[in-house]
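What follows is a structure written as structure tokens; I'll ask about it next.
We call the chains A, B, C and D, going by the order they appear; numbering starts again at 1 in every chain.
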Amino acid sequence: MMHKIPVGVLGASGYAGRELCGLVLAHPSLSLAFAAAGARGGERARVAGRDITFANSDAVDLGQAALVFSALPHGASAEYVARARAAGAKVVDLSADLRPGNANPAGAEGVPYGLTEVAREAVRAADVVANPGCYPTATLLALLPLLERKLVAPGGTISVSAASGVTGAGFTPRHDLLFGEVSEDFRAYGAGNVHRHLGEMRATLDAFAAEADLVFTPHLLPVARGILATITVPLVERVENPLALWEERFAREPFVEVTSELPTLKDVVRRNVVRVTAMHAQGTRRPTLVVIAAIDNLVKGAAGQAVQNANLMLGLDETAGLAA
Amino acid sequence: MMHKIPVGVLGASGYAGRELCGLVLAHPSLSLAFAAAGARGGERARVAGRDITFANSDAVDLGQAALVFSALPHGASAEYVARARAAGAKVVDLSADLRPGNANPAGAEGVPYGLTEVAREAVRAADVVANPGCYPTATLLALLPLLERKLVAPGGTISVSAASGVTGAGFTPRHDLLFGEVSEDFRAYGAGNVHRHLGEMRATLDAFAAEADLVFTPHLLPVARGILATITVPLVERVENPLALWEERFAREPFVEVTSELPTLKDVVRRNVVRVTAMHAQGTRRPTLVVIAAIDNLVKGAAGQAVQNANLMLGLDETAGLAA
Amino acid sequence: MMHKIPVGVLGASGYAGRELCGLVLAHPSLSLAFAAAGARGGERARVAGRDITFANSDAVDLGQAALVFSALPHGASAEYVARARAAGAKVVDLSADLRPGNANPAGAEGVPYGLTEVAREAVRAADVVANPGCYPTATLLALLPLLERKLVAPGGTISVSAASGVTGAGFTPRHDLLFGEVSEDFRAYGAGNVHRHLGEMRATLDAFAAEADLVFTPHLLPVARGILATITVPLVERVENPLALWEERFAREPFVEVTSELPTLKDVVRRNVVRVTAMHAQGTRRPTLVVIAAIDNLVKGAAGQAVQNANLMLGLDETAGLAA
Amino acid sequence: MMHKIPVGVLGASGYAGRELCGLVLAHPSLSLAFAAAGARGGERARVAGRDITFANSDAVDLGQAALVFSALPHGASAEYVARARAAGAKVVDLSADLRPGNANPAGAEGVPYGLTEVAREAVRAADVVANPGCYPTATLLALLPLLERKLVAPGGTISVSAASGVTGAGFTPRHDLLFGEVSEDFRAYGAGNVHRHLGEMRATLDAFAAEADLVFTPHLLPVARGILATITVPLVERVENPLALWEERFAREPFVEVTSELPTLKDVVRRNVVRVTAMHAQGTRRPTLVVIAAIDNLVKGAAGQAVQNANLMLGLDETAGLAA
């Protein structure tokens, strides 16, 4: 049997952590050295049809892993990233701690922002990668062709209305996440540009010198998984065939599906893909695109993209264990 | 016992039609003269805890009703509106047939567009009223204070991302409305400004001479009822306390709730209200508001507003049978 | 304006407590003297379209209410029942504390088990009533005609498979009640006859000298509200027209709907009714009935039945505030 | 690259048919020769992240497949089974047409009833197999240890209360399967022992000479996938450790999970397993077991079991393409 590379998961009891464990268990070249959880250390859980037992985050030997995924909460993760590095492991950090636009505008020094399709080579060379947030993954990949070609109208407003399944809010019990509250409901949250993910989205827009306003309104959907981002973007000038921009940019990307249909959550759940379409808004004075992107918040928006980055950092095929 | 005014319902077997029957049955001053359904004439249905039997649309004597609600499909309704008028009944038409922006830009002549909070006096005097669509009701009431005060930036883009429960798509069986397809999914439809409701929204913007682009993207939610509209609006100038505009405008409106909280579907289902908030988007170059409104698509977005209009047309208290 | 009788609610922040507040606020003859909640005292909540503020359970003057509803947790309620009695208030206790089959086989002395359709006169005369559990309400009303007529086969097994919406599990945040866990799932719990409600169901069977085994398996449904109980009952002898037994027994009951259709949750949610049908199981050696009953666990299974009992205790019409 | 065996799917546009296509496309030793659909021939569909185009059922060359899966409707399937046989293909028929208890008590001659764990060797030798129904698969595998050991009390009543996700009702649009009708609802159907699946369940009970009554009540769950069967069984005699009977019987079965936990739909969806537990009902006069089993109705209850049978018929490893 082939040798497998041992990797570990911190924060394994949350939704993203369990998704990571499942992906590692099914990965052809990775083995699960540990699945650590703070308060739930010692507990058993079913992951992908298997029973696993959580280790204690503070007791586990981080150095037994060649790479550690940290799915710890924001604020708590950076310390464990440092510990894992000190123990000799590479790290993919799924928290916001090292991303740009948070602690400092550019992100932690020497830590690439792991939007793989943008930063592939930096990720390959890195010891630590800051895995993007779920909303930024959908939004930024959707905007990428426009940003790279400087097609966003300066002074215009990019309006992002995005909706996420409840697993995006984590596994910690809260009144407002009970089935009896979420079912048959739909609501915005963090409206008025106060959501934590604004920072990393603006940092990327700035990196492309897009001088547009960004208005981002997330919503809570009565579904378990998935993000749909619906984006209106005013253009510098009318583009004849807008979808061709996406088709061309992503032609060789294994995890981006460009489509003339409207993407839905069903198309993407449990898959490491972003599915995107774009079209003109009819009947407007100023040329304006509607861009719609769907991802699974736990896969392409978290654990899947983390494995995609880890594959690069470990010298494996980028698509290993991530059948699209 | 008090005399009740007989009213009839055409298209009673659909979701809006059944909601109308329920409201009429519970109304203190109205009685249900008939509930007619085309293909399902003769069938029984449970409405609001009662068994009713649908009459045949073509066999029913329209003149027995002082007012007829038509919840017939778009395209089929106008003919029955004419028949009901010929039989001497007033009419509230819930279809798009007589609304502005459809057959002709201004709507059918002499038929007010029954957004009650805008057209109250015209409705009171009318024999026929075109009841607004569900999305336009939420969107236009949300925008009303800005439109009336000319605060929308000329040349800017009003971006409306709205999501509706499946009853908005009607009761006709379709693959894409099956529980197995809708559950755990979320999708846009009519994207790119091709939804039927664009016409009546633009007509109202034009009536207020708002020279802004409108981009409207509706979505299908895995819930039975409710619409949430999330709107970004660039302003002519910064407004100190935006919510005060709504509080002032709607202070005496019985069916508009202005709130500093984010409205949710749960707040409004089974109630004839629009619930709305507004706030600045932080960190933008151009002053921009986020306005969020919630309604029940079948009540304030259809049957409830229809009864509100009918109350006015019949000289009853506007709120009769519509406890907020 | 008519004088209203002041009543209070303890445990007002839970699902049953909030339902009680809503019913009291809409009741023609009751007023809400207080809505008290322990840990959430001082918090605001929206109930039935109104904002209410919870009082502190220990600070509230129980004597200002003519009757107190206790929706406190099992174990914590009995003490407050005593306090309310000492303050001069009548009490409807929604907890299990005073029901038969719990602390003692017969229930608390002098406290009728308030299954209204069985104990109407005792309830009318009582100062304290033990409001039945949600599952027992559905199950026992469904079985009542068979129990009263001694039609259950001695030595046979009454098999009750019942499923409840999540509000039956309360408002306390728990991992297993999160939307992400409940959605698209279905599971039994308390299987093997270990559910708390067994006691009061067996006590009632014993009261009717039914010498049959009872096997009760509850399930958690991915819905907010409603209980459906599906019951198989072996009979002493074949009955010609089983449904007639229910029709006859409940002919004058305002809150029992006997139907030849299969009851569904949709038929009963937000209504104070039990809806029931019965039929023979075809092709069996021993005559066996299938009896199916549906209730709203928060209304007929909790707050509605509590108001029904309170109406009797306060000399009001039994149906006041409970439009079926 | 390894040679793959061509197989075809009839009735590919329904839920079971699409599930079959997905399993075949991911199978290491099978290739999809055709996916035929009657009315939807020529249409495209997304299956397991791929776009496939349906062939026309009547135009397709059945002989190009070594084995044909028929997921055609009951009544329509038998004819195509005969055609496929005439063309030289083996057949797994997912319809009820050839199962025992339907056309004739014993089923079609020479066609084993493919409950794989019972009929493995007969399936291996067969050219045509009648794939069991979804409810019977869950129910009969749950009862198997009791049936084989003659532990069911003669004259007793096996009460089966089972609930299925909506995909069990098929992909044909019906009012009662719309999201707006199913969401927040739960209902029994086919109550009183009139469900089509009674025949094949009774035929299997008869084959084991179990002289017990069977009462089977199916229910429609507001979930897409999964069946949970809750069964009460009176025993001939008390059994010390009931779960050991299942553990022993299924110790070497790759697709049966025996557990001391209560199985849930989440444990089994998208997996080819039945998950089962058993325990005594406490406090009964007669020893009575509660047995609970969960399956995915589309996998172990249809397409997965069909592939399991096909693997045997084609000389492949029984578990190929069916990672538990």
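Keep this in mind: a residue touches a chain if its C-beta (ideal position, glycine included) is under 8 Å from a C-beta of that chain, and two chains touch if they have at least 3 such contacts.
Note that the coordinates shown come from a computational prediction; the quantities given were computed from them, not determined experimentally.
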Of all other chains, the one whose Cα centre sits farthest from chain C: A
A-B against B-C, pair bridged by the larger set of C-beta contacts: A-B
Centre distance in Å when chain B and chain C are each reduced to the mean of their C-alpha atoms: 38
Chain A and chain C, separation of their C-alpha mean positions in angstrom: 46
Contacts with two or more other chains, residues of chain A listed in rising order: 165, 181, 183-184, 222-224
Pairwise touch network: line, ring, star, complete, or other: complete
Of chain D, residues touching chain C in the complex: 155-157, 159, 161, 163, 165, 181, 183-189, 191-194, 198, 202, 213-215, 217, 219, 221-226, 228, 230, 232, 234, 262-266, 269, 279-286, 288, 290, 292
Interfacial residue positions of chain A with respect to chain D in the complex: 46, 49, 183-184, 267, 271, 273, 324
Of all residues in chain C, those that touch chain A in their complex: 15, 165-167, 171, 173-175, 177-184, 222-224
